[in-house]
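Here subunit A shows up in two complexes: once beside subunit B, once beside subunit C.
For the complex of A and B:
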């Protein structure tokens, strides 16, 4: 049974953690895709920016969380969400809107967003340096070890405090997004604009406002995803190029323009990554004695080494583009 | 007949009759900048810079035909550069006798044969429906066979690779002439480009950007971690040059002769591309870029043509990357950075003028000079700011000032991209579209 606990720790929990982060990230990508109709490469750096804002605020007021018993980073998260939402709107006003007004091709917007990526990355590196920093400035990262009440199990199930916050916030974000998109006027207008911008404009929807609201939503979600990722591991200014491919793969797997597809895609990509780097030899070990003698069990039975993790989202992306470019949830074919 | 000729001359007059004032100004500026570098930094330094700039110009030519001629955006130039560098390394570095004398080549061959056999078996299984196996069963069999055989082949291969690393470090090179490495580098890059292009070019161009960005990171990860093939982070040096090295000729002369080779390459590529651009083929490519639907209606095979030009661009990038790798004389997989090898090339192209080969080459040289000079400049500015802050505002000077100053270049490149897209979306030397009335 120890092997099962090992599996839970290394696949179920780890996969849910990466899956949640990819899911929240991919929702932002897919929202921009459906309203503005271009692949927004600067999203991962917006995530980094959100995490950086939290780091900045946490370093300024390291004691703030202790008063109510939560990590300071969580206390500072709402403020960071507001700041990142503001940044997203400012970026749109200064960089994307003039191009949109010019009526450029979507691919030019993609190049512009790459430029924005570099600007954000340069700014963050300039102020934060290049090394990794922990978001737990004055707090201690709680680690819970849950022993299973089964005979003969020595290994506990390990889960950390930021991971619990991550799960809670992911569920909250998904429920909130669902109600926003299906119940509020703004959310319905957003969906209308995603389906047909001209028709939406003709029916009196203020498309400029929808664009601004979308950017706020995107910025806020990016701040949540970035902060939770940085809390789980550490804050690094150069994480964006490693997370871009998985979140794009997640958005495309889920179907471009489908927020809930993006969430599903995020978990698909997250779990595929953890399953691919998991050493399956561990699970087969209890049956070692029953295996035929000619079959020698190698010590390492992982599909890919951890160093090739980035291959997994890429192959998912390639497979989905070859067999089903619309994604699981029938997104837009573009 | 006469009438037609007259028309042609008129058409030519209206387009090429204008004095190329922009080109002349830009050429003068670039030549003056190169001269200034020669004057202030000495000939050895400036010849090195010029060789690197010329290698970048080849990369930029590759990107300009993808982005300028055909409107395809490749966000993974770095990957193709790395492939070229790898090929230049592996074909030209001296033969590793220790490896070839042991029984490891045979084992490696067997491991590779295992992989080939596994691929053949899986492909065979995927065709089982031809002999009457139901399609679902076929898919199931293929997937299970694929997973099991992959595991078997890869664990066998890992064992051999580990042995190579333990006993002889890496398999070494082939000791062939440098030009073989460069040509194979181009072919390798073209092959990867074919794979990517086949998948993505039928879809919207955003997908191509995402996929190329991904493949670049994968190529880098592979080269960094395949220690048996490339020595990974331990790096391989020195790589031989196609001309006598600095040890025999001295720095300036050796670099100058290297520069002669790259300059000839640029000239050949430039003339060929220029010819292709003005040929019916180039017109067709532009027609596809500007109006896909109507060129499809004219009977052009759009996806095939797109693939053609994408692969062509990738081949140029592979050759440029190989030339750059040989010149640096060290193969360090960690030295390939998206900023230096993707975005810098992108800036060269969009600033110089996408689709305008002459503009692209000038843009490459100009941007590379700015890039190289920005390092001491950024340090100087940071130093000034820090000293000012320290003396008048009482700031603490951060310790890692040098590394932070270099980060400023990321910012500058990003700003350049966005500003150029706003102010001069067609570059400094825009593409000249000829109209034939």
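For the complex of A and C:
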């Protein structure tokens, strides 16, 4: 039974953590694509910016959370969301809108977003340094060890405090997004613009405002994903940048332009990664006595080594593009 | 009387191709004005300029005396200037009814404030919009397909939906871009009837691009003939049909 707990810790929990972060990240990518029709490479660095804002605020007011008993980083998150939303709008006004006004091709926007990536990463490095820093400045990162009430189980299920916040915030973000897109006029106007921008304008929808709202939403979601990722490990200027490709894979797997597809895609990619690096040997060990003698159980039996984890999203991406290019939920083919 | 649409000396070129050359047209309030001309005469380009879908190079467009040159389409919409598309546009992932409901009278929910602060008022307004959409969909005879995805409607039904869209708000001028193209005869009768009713009962002004001469003859007075990006002649349909210049432009030299 200890092996089962090992599986829960290393696959169920780890996969949900990775999946949640990919999911929130991929929603941002997919929203930008559905409204503005380009692949926004600077999204990961918007995530880092959000986490950086939290780091900055937490360093300034390290005691803020203790009064109400939550980590200071969580207390600062709403403010970081607002600041990142603002940054997203400013970036759009400064870099993307002038290009849009000239009616450039999507690839030009993609290159521009690569430029924004470099600017953001440089700026964050300039102020935060290149090393890792914990978002838990004055708080302690709680680790919960839940012993299962089963005979003979010595290993506890381990879950950390930031992981619990991550799950809660992911669920809230998904519900909030669903409510926003399906119930509010603004959300419906976003869907309308994604469907047919010319008709949206001819129907009196102010598409410039929809673009601004989209960026606020994208910036806010990026701040959530970036902060939760940095809380789970440590803040680094290139932390989110390294998950840019899995996030894109998640958006494409889910069907580009489909917010809920992106969430599904995030979990597919997240679980695929953790399952691929999981040491299956552990699960087989209890049956060692029943195996034929010529079969020696190796110490490590994973599909890929941990250091090659990054190939998994690529493999899924290739498979999806070959067999179902529109993604799980029918999205736009790119 | 000020014309409701006053296009003054408009020029538009795509690269080296001059599509609209010093073109001036007036549309009188309450009229159904036809805009005809051979292919490539610049009808659709002129339409797109008036509707705010294309920037012009020089010239002026006035709506009821107000300068609306280069206004975006959504701002014109709120001034009561609406258009339909030559190739019917629809929000394909929404139902026919939802398509109409995307066109609210005064969009309260679209300012950020009202989304968050007055959900009840927004809901009330939403109900009003729905009532209006139900009336409109009945008027255009699409009640039986109102819950179909708009992407699955036939070409003719999509055209009717386009017309319905213009009825969701208090329009002053509607630009109809080949609304009859691809619509079968029975449906066309409905369409023409609806346009006449809107003109007579609600006082809509129409500017109509059309290739179907029967429809032009039945609906439009006056008719403007565009050729090579400028006005060739303007007059009643009889005058146009007997004008040798027009016949030459349409059928080539020697046809008359």
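What we mean here is this: the second predicted complex is superposed on the first by the 332 of 334 C-alpha atoms of A that agree within 3 Å, B and C clash if a C-alpha of one lies under 4 Å from a C-alpha of the other, contacts with A are read in each partner's own complex, and residues count from 1 in each chain.
As a convention for this text, contacts are C-beta pairs under 8 Å (C-beta built on N, C-alpha and C of every residue); 3 or more make two chains touch, one makes a residue touch a chain.
Everything numeric in this text was worked out from a predicted model, so none of it was measured.
**Q** If you stack the two complexes on chain A, which partner ends up touching A:155: first (subunit B), second (subunit C), both, or neither?
**A** neither
**Q** Quick one: subunit B or subunit C, who's touching more of subunit A?
**A** Touching more of subunit A: B.
**Q** Which partner does A:116 reach: the first (subunit B), the second (subunit C), both, or neither?
**A** first
**Q** Which holds for A:82: it touches subunit B only (first), subunit C only (second), both, or neither?
**A** After superposition on chain A, A:82 lies in contact with neither partner.
**Q** Is A:95 touching the first partner subunit B, the second partner subunit C, both, or neither of them?
**A** A:95: touches subunit B, not subunit C.
**Q** Just checking: does A:104 make contact with subunit B only, subunit C only, both, or neither of them? Give me first, second, both or neither.
**A** In the superposition, A:104 contacts subunit B only.
**Q** Just to be sure I read the superposition right, which of the two partners does A:201 touch: subunit B = first, subunit C = second, or both, or neither?
**A** The answer is second: A:201 touches subunit C but not subunit B.
**Q** Which residues of subunit A are in contact with subunit B in one complex and with subunit C in the other?
**A** Touching subunit B and subunit C on subunit A: no residues.
**Q** Given the complex with subunit B, which residues does subunit A contribute to the contact?
**A** Spelled out, the residues of subunit A in touch with subunit B are 38-39, 41, 95, 98-99, 102, 104-108, 110-112, 114-123, 125-126, 129-130, 241-242, 244-245, 248, 252, 298, 300-301, 303, 305, 307-308, 310-311, 313-314, 317-318, 321-322, 325, 333-334.
**Q** Along subunit C, where are the residues that touch subunit A in the complex?
**A** 51-53, 72-75, 77-78, 82-83, 85, 89-94, 102-104, 107-110, 112, 115, 122, 126, 165, 169
**Q** Using the touch definition up top, name the residues of subunit B that touch subunit A in the complex.
**A** 71, 73, 75, 150-151, 154-155, 158-159, 199-200, 203-207, 209-211, 213-215, 217-218, 221-222, 224-225, 338-339, 343, 346, 350, 398, 400, 403-404, 407-418, 421-422, 425
**Q** Can you list the subunit A residues touching subunit C in their complex?
**A** 184-186, 188-189, 191-192, 195-196, 198-209, 213
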